[in-house]
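By written order: A, B, C and D. Residues from 1 in each chain.
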Amino acid sequence: MDFKLSKEQELIQKAAREFATNVILPLGKKIEQDDKVPREIWDGLAELGFLGLPFEEDFGGGEAGYENYVLAQEQISRVSSGVGTAFSVHIMGSDVLALFGTREQQKHYLPKTCKGELKPSFAFTEPGTGSDPRQLATTATRDGEYVVINGVKRFITNAGYEGPMVVFCKDADTGGFSAYIVDKFCQGYSLSKSWEKIGSHGSPIFDVYFKDVRVPASNLLGEPGRGFDILLLGIAFGKIGTSAIALGGILAAYEEAVKYAREKLHRGKPIAKFQAIQLKIGHLAAKYYSTRWMCYRLGTLANDILGKGVQNPEQFQAEAALVKSYASDTAVEAAKLSMDVHASYGLTKDYPIERIYRDAIIAPQIEGVSDMQRIIWANSVLN
Amino acid sequence: MDFKLSKEQELIQKAAREFATNVILPLGKKIEQDDKVPREIWDGLAELGFLGLPFEEDFGGGEAGYENYVLAQEQISRVSSGVGTAFSVHIMGSDVLALFGTREQQKHYLPKTCKGELKPSFAFTEPGTGSDPRQLATTATRDGEYVVINGVKRFITNAGYEGPMVVFCKDADTGGFSAYIVDKFCQGYSLSKSWEKIGSHGSPIFDVYFKDVRVPASNLLGEPGRGFDILLLGIAFGKIGTSAIALGGILAAYEEAVKYAREKLHRGKPIAKFQAIQLKIGHLAAKYYSTRWMCYRLGTLANDILGKGVQNPEQFQAEAALVKSYASDTAVEAAKLSMDVHASYGLTKDYPIERIYRDAIIAPQIEGVSDMQRIIWANSVLN
Amino acid sequence: MDFNYTKEQLMLKDSVRKFSENEIAPMIKWMETEKRTPRDLIKKIKDLGWCGIQYPEKYGGSGNTYVEYAIMQMEMSRVYCSTACTISVNGMLGANIMKFATEEQKLKFLPEHLNGEGIGSFAFTEPSTGSDPGALRTTCVRDGDEWVINGEKNFITNASMPGLMGIFCKDAEMGPGKCTNILIPKGIKGYSTPRIYDKMGMHGLEVCDVVLDNVRVPYENTTGGEAMRGKGFQVLLGSTQIGKLSVCAQAVGMAQAALEAAVKYSKERVQRGKPIANFPTIQSLIGDMATDVMVGHQIVLATAFKASEGKELAADAARTRLFTSEACHRVASKAMQVMGAYSYTTEFPIERIFRDAKLTEIYEGVNEIQRLISSTDLLR
Amino acid sequence: MDFNYTKEQLMLKDSVRKFSENEIAPMIKWMETEKRTPRDLIKKIKDLGWCGIQYPEKYGGSGNTYVEYAIMQMEMSRVYCSTACTISVNGMLGANIMKFATEEQKLKFLPEHLNGEGIGSFAFTEPSTGSDPGALRTTCVRDGDEWVINGEKNFITNASMPGLMGIFCKDAEMGPGKCTNILIPKGIKGYSTPRIYDKMGMHGLEVCDVVLDNVRVPYENTTGGEAMRGKGFQVLLGSTQIGKLSVCAQAVGMAQAALEAAVKYSKERVQRGKPIANFPTIQSLIGDMATDVMVGHQIVLATAFKASEGKELAADAARTRLFTSEACHRVASKAMQVMGAYSYTTEFPIERIFRDAKLTEIYEGVNEIQRLISSTDLLR
């Protein structure tokens, strides 16, 4: 065991922190208002190599290990959970291609996703489905060398950018469950207006409509009928990102509380002198420290899967579920504690905690509600 | 960063777990009844090298690094927090000698403590004092080449064994605050009967009376008047042990819940099939995983202090405070959750959770109540 | 709406407090060590009429309501929860008789049950039942004018003491899954309690395994007579109300005690030259504890009132139970924080309260079940 | 004790519910977008007499108690908390006038304040005051028959709307640390609101900074007249009771709304072929939420009753506030868990409730302060 960051890890963490502070932070208000990630941020992420961080150098990736991705994502999400979410889904979509794609598919997409020219999406959820694939209503129907996709996907991130979308469908002929790669904005692809939501502005979510979308049958991802394996592992990889976003939120809540406590005067002395405030700072710190090692460790576990052939992913999937639920629930608690340090001022748009608080509440609800994650873990140890 | 246990670490963990299961566990009932650690357990700990684990090989120690101590302590406390506490105070007392003793003092005591022939104690608390050394009423009065100690110390662990006791006193002449090494059971040393308490049976605590106890002036530990530095760092090292004991309690609560959930039938199926139980198992797991990395990491931090000269211990002390409060509070929550899985049966002496629950509640109260720990941390970041 | 105690209620509260402090408190050490319920203490309580508070006078009760009952339970538990629990289990059996027995049975059994020497038991649980009456294995078989009962019961409170027991038996003659409740005098031939549990807390409460080996009682001891035969499940549900209400009141009483202990300690314990009651961290803990106690007290009274009005109470009682038992746990834990290391010595009552309190989250249905029940009226 | 609603109370509850659903609900989208309080909506509420519930009839009130007031606040907040809060701030100023003003002032100001066009404000907070009246910088200086007021106030609710404002000023003439409360008509010469806050929630509530630049009002506008001059701190404390009670009622109202939203969603949302209301994890969440709502509702009524009896209430009100605000947060969070990703879209009310609810833990004194106040009567 070694809890010290390596030189490389320190550099990545530092680069991400500086980028977040110098580039993202000044654009914060704009991100909140426009509800999208500004071009210069995407460019910056690409330039720093973050958009391809864990992937093969052959594709222009950094081969840097997922703990580095966690370090970068944490620092970015500290400043903007919206940017973090767009980044996270970008990586998650790429993960799935890197894990399950043929060499051809990877060569076709990954060099461009690593450069940020294409931005992947991951489309499972539908209006009528929760986490159960048997409820899927989107169908893929074989038509010669093509498959024809029809249906609606809900709450899809990055759906408004060019790039590959991994779409989970029911095969009309076999009743099986498969994943296909669809190029966004192809014929028959269209979007709803984005959903209005409480937070994570910058990463709008859409309903996506597929009307007779035709893709080559070779766009099948992985084996036919094995969509469930892709879904489970893809979601588990996605949880690396959502956990790191939550961790960034906890860090932000903690740092903002410390900053405010030092600055804000009450009867002539900083509120940092009051024990009630100190206790909250202590609790916030414990929340941060207890969560961070779980998140970093989850990153290192992913390194044992990507590129090593996908064998026995169950333990990784279970731990991803555990970490995600813990981190996201803790983020909500941390935001609340920090808000309590800020009191009335925290409710105004003058301080970032207002945004941090709105952003945090989302985390337990997405990519699997927290209770479901705990049940996944429990089944892994109880069976 | 690396979250994998090394070969050595795995061996120590395994040895501790086997010793706990094969030797301590069968003695559990006896420990509860007699309220002391049986001889064969002390012998076993010594034989495994655990009583000198982090100390210099020259003294018969293992030079193994504190993370190994945490791994061993966790496994032992999983089965008996009483044994764990006696073990912890043994190490803590040795720590203080290793950190602040002269080479002579170390040579005199450490070889014997590493072998378990002597068992150190650490005596700060008094009936009239909380955590404030200015309230000390125990005095050390110089008399030629001797100092004469008078006073009462409260809640002292391992006070009933032969060995050195580090006693914090007010110097009668200077008003300063110094630590002296007293050989237990010397002339003028006596004990109350042990306190009856809710848990941690096996490590009785005593009030210790010093009536004109004479020790050579050379038994001064560290510099005269610098007792506070010794106290702070000694307590911080002690928190490595208390955190690991709490971690062991969490592990026990978690494992017992899993075991019970699989065994106990309700309407013909194991209660492990019920979601309410699964959720609790998930929460328990998160409590364990979030705590363990903090505890292991705290161990590695201590390695940077012992033997490296005591410089800037503040960061270590603050993190020790943070980890101790988190681990001990979490242990209480975990015991409660596990008890809830057991329901009525858990209240009987038929299952270990009854003991785990009673043991856990102690942790937040000793070696600094949890709130005080959070305030220590907060001051480290707010100032 | 009127939230004030009446004069009579205040008097009752005061009497129970005085009795508990003067008569129960001095026995606690003995009960904690011997793990027995003193028979004469129970007799004294019965003589005061507190086992019959909520029963009509014609059956030997004092004609009051569950509000008075809850006040009594809270005050007694403030001093020693085990004793209050001994009494409340008597009340559960009493509630079944009151609700389901024939008029003749009521007149025959209740006066003695409420005022006599013994103390009642309520025997449902078996090794494999959980809360499922279909899984009962204790059987009753009619043999002429008698019942013959065979089987084993688990975790039965007061079973080692004389008095009446209402026992739930599988009644195969009535069809599969049917059970019947029968009143038996404890200690009768064939009745034995081979094991009294060694447990974490509630040491003043005797909880036993019961073995029934060809126990014979008159057939007319069927609770509610012929009409109720095979309807044991109804009887089972009939006492959950008072059972749950008692647990709630006990939880609040213990929380009150923990709060008082912490307040007292914080005023006496001096650090840095002043009582720790002066420190904001301590005040903050006491403030939280006082909140839980005040809210718990209020909600127990409100639920007791509703019980007295005869309203459907399942969901409300579950909610009250959830809140009060968790509040009690929080308050006891915080009291330990206030009192630091001293709290875990037996010099102070708080370690006992902490151990005893755990039961309130568990008996009469674990809190997980309460959560489900609490949702029923909204989700149906 | 009697925990039943009277017939009149039930009628009031029903009227407020209907009004809120029919008149307030349709305006919510507009208020959330425009971040303004519709003047005519407030007028309608005043016309119904709900600003005067707890005042004697001779001052234009309807002669009821705080219990009725709390019922009104709970029901209104169930639909939209901002509007209830607009009304409750009016009530805080009203409480001050009722408690401290001279009979002449009461007769002059209250009928209009309770029934007229405007809506009241309560102006204490300044950039550096926190809750410390000694730190006030807004000054009042007597100039013959007039007061001259200069300074700046922060976070003042309703300040951008016409009506009366009770303003706390440093009154140097009366000695150091003294402050005086003065009634001024908002919008008078020299009065301006340069900033309306952009905030996380409570968008239907206008919260402003106020600048007072040589504002002149008659000297006789001193609340309570000459006798109360320099006693502003007493006046400040005089309104905390209704202020805190309002927050509690608002918290419970919102919690009730969150519970209802979650229940509705769970019955409609189908997964694996059945409504999620059938899943134990969902039932368990709803069960917890229902507990908090029931307990919160009960404790608000009990505290309101105590307020009506004129009892010393500081500690009890703090406890009620602590419990209800934290309960509201828990319930809103759990509702989001029930509703999953949908809960954070603006299609459902729950994301608004979650944002609005946070205020209840903060205003009228953050919960940390409530913890300390809650301990005072025990530790003194």
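One rule holds for everything that comes next: a contact is a pair of C-beta atoms (placed from the backbone, for glycine too) under 8 Å apart; a residue touches a chain by one contact, two chains touch by 3 or more.
Note that the structure is a prediction, hence the values are computed from the model and not measured.
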Greatest separation from chain D - chain, by CA centre: B
Pair with more cross-chain C-beta pairs in contact, given B-C and A-C: B-C
Separation of mean Cα positions, chain B and chain A [Å, integer]: 41
Length of the line joining the C-alpha centres of chain A and chain C, rounded to whole Å: 51
Touching two or more other chains - residue numbers and ranges from chain C: 280-281, 284, 368, 371
Residue list for chain A, restricted to those that touch at least two other chains: 275-277, 279, 371, 375
Residue numbers on chain A that touch chain C, as the complex places them: 274-276, 279
List of chain D residues in touch with chain B within their complex: 279-281, 284
Residue ranges of chain D in contact with chain C within the complex: 1-6, 9, 67, 259, 263, 266-267, 277, 280, 283-288, 290-292, 294-295, 298-299, 301-302, 305-306, 309, 315-316, 318-320, 322-323, 368, 370-376, 378-379
Partner chain A, residues of chain B touching it in the complex: 1-6, 9, 67, 258, 261-262, 272, 275, 277-279, 281-283, 285-286, 289-291, 293-294, 296-297, 300, 319, 322-323, 325-326, 371, 373-379, 381-382
Footprint of chain A on chain D - complex, ascending: 128, 130, 132, 135, 155, 197-202, 270-272, 276, 281, 329, 333, 336-337, 339-341, 343-347, 351, 354-355, 358-359, 361-363, 366-368, 371
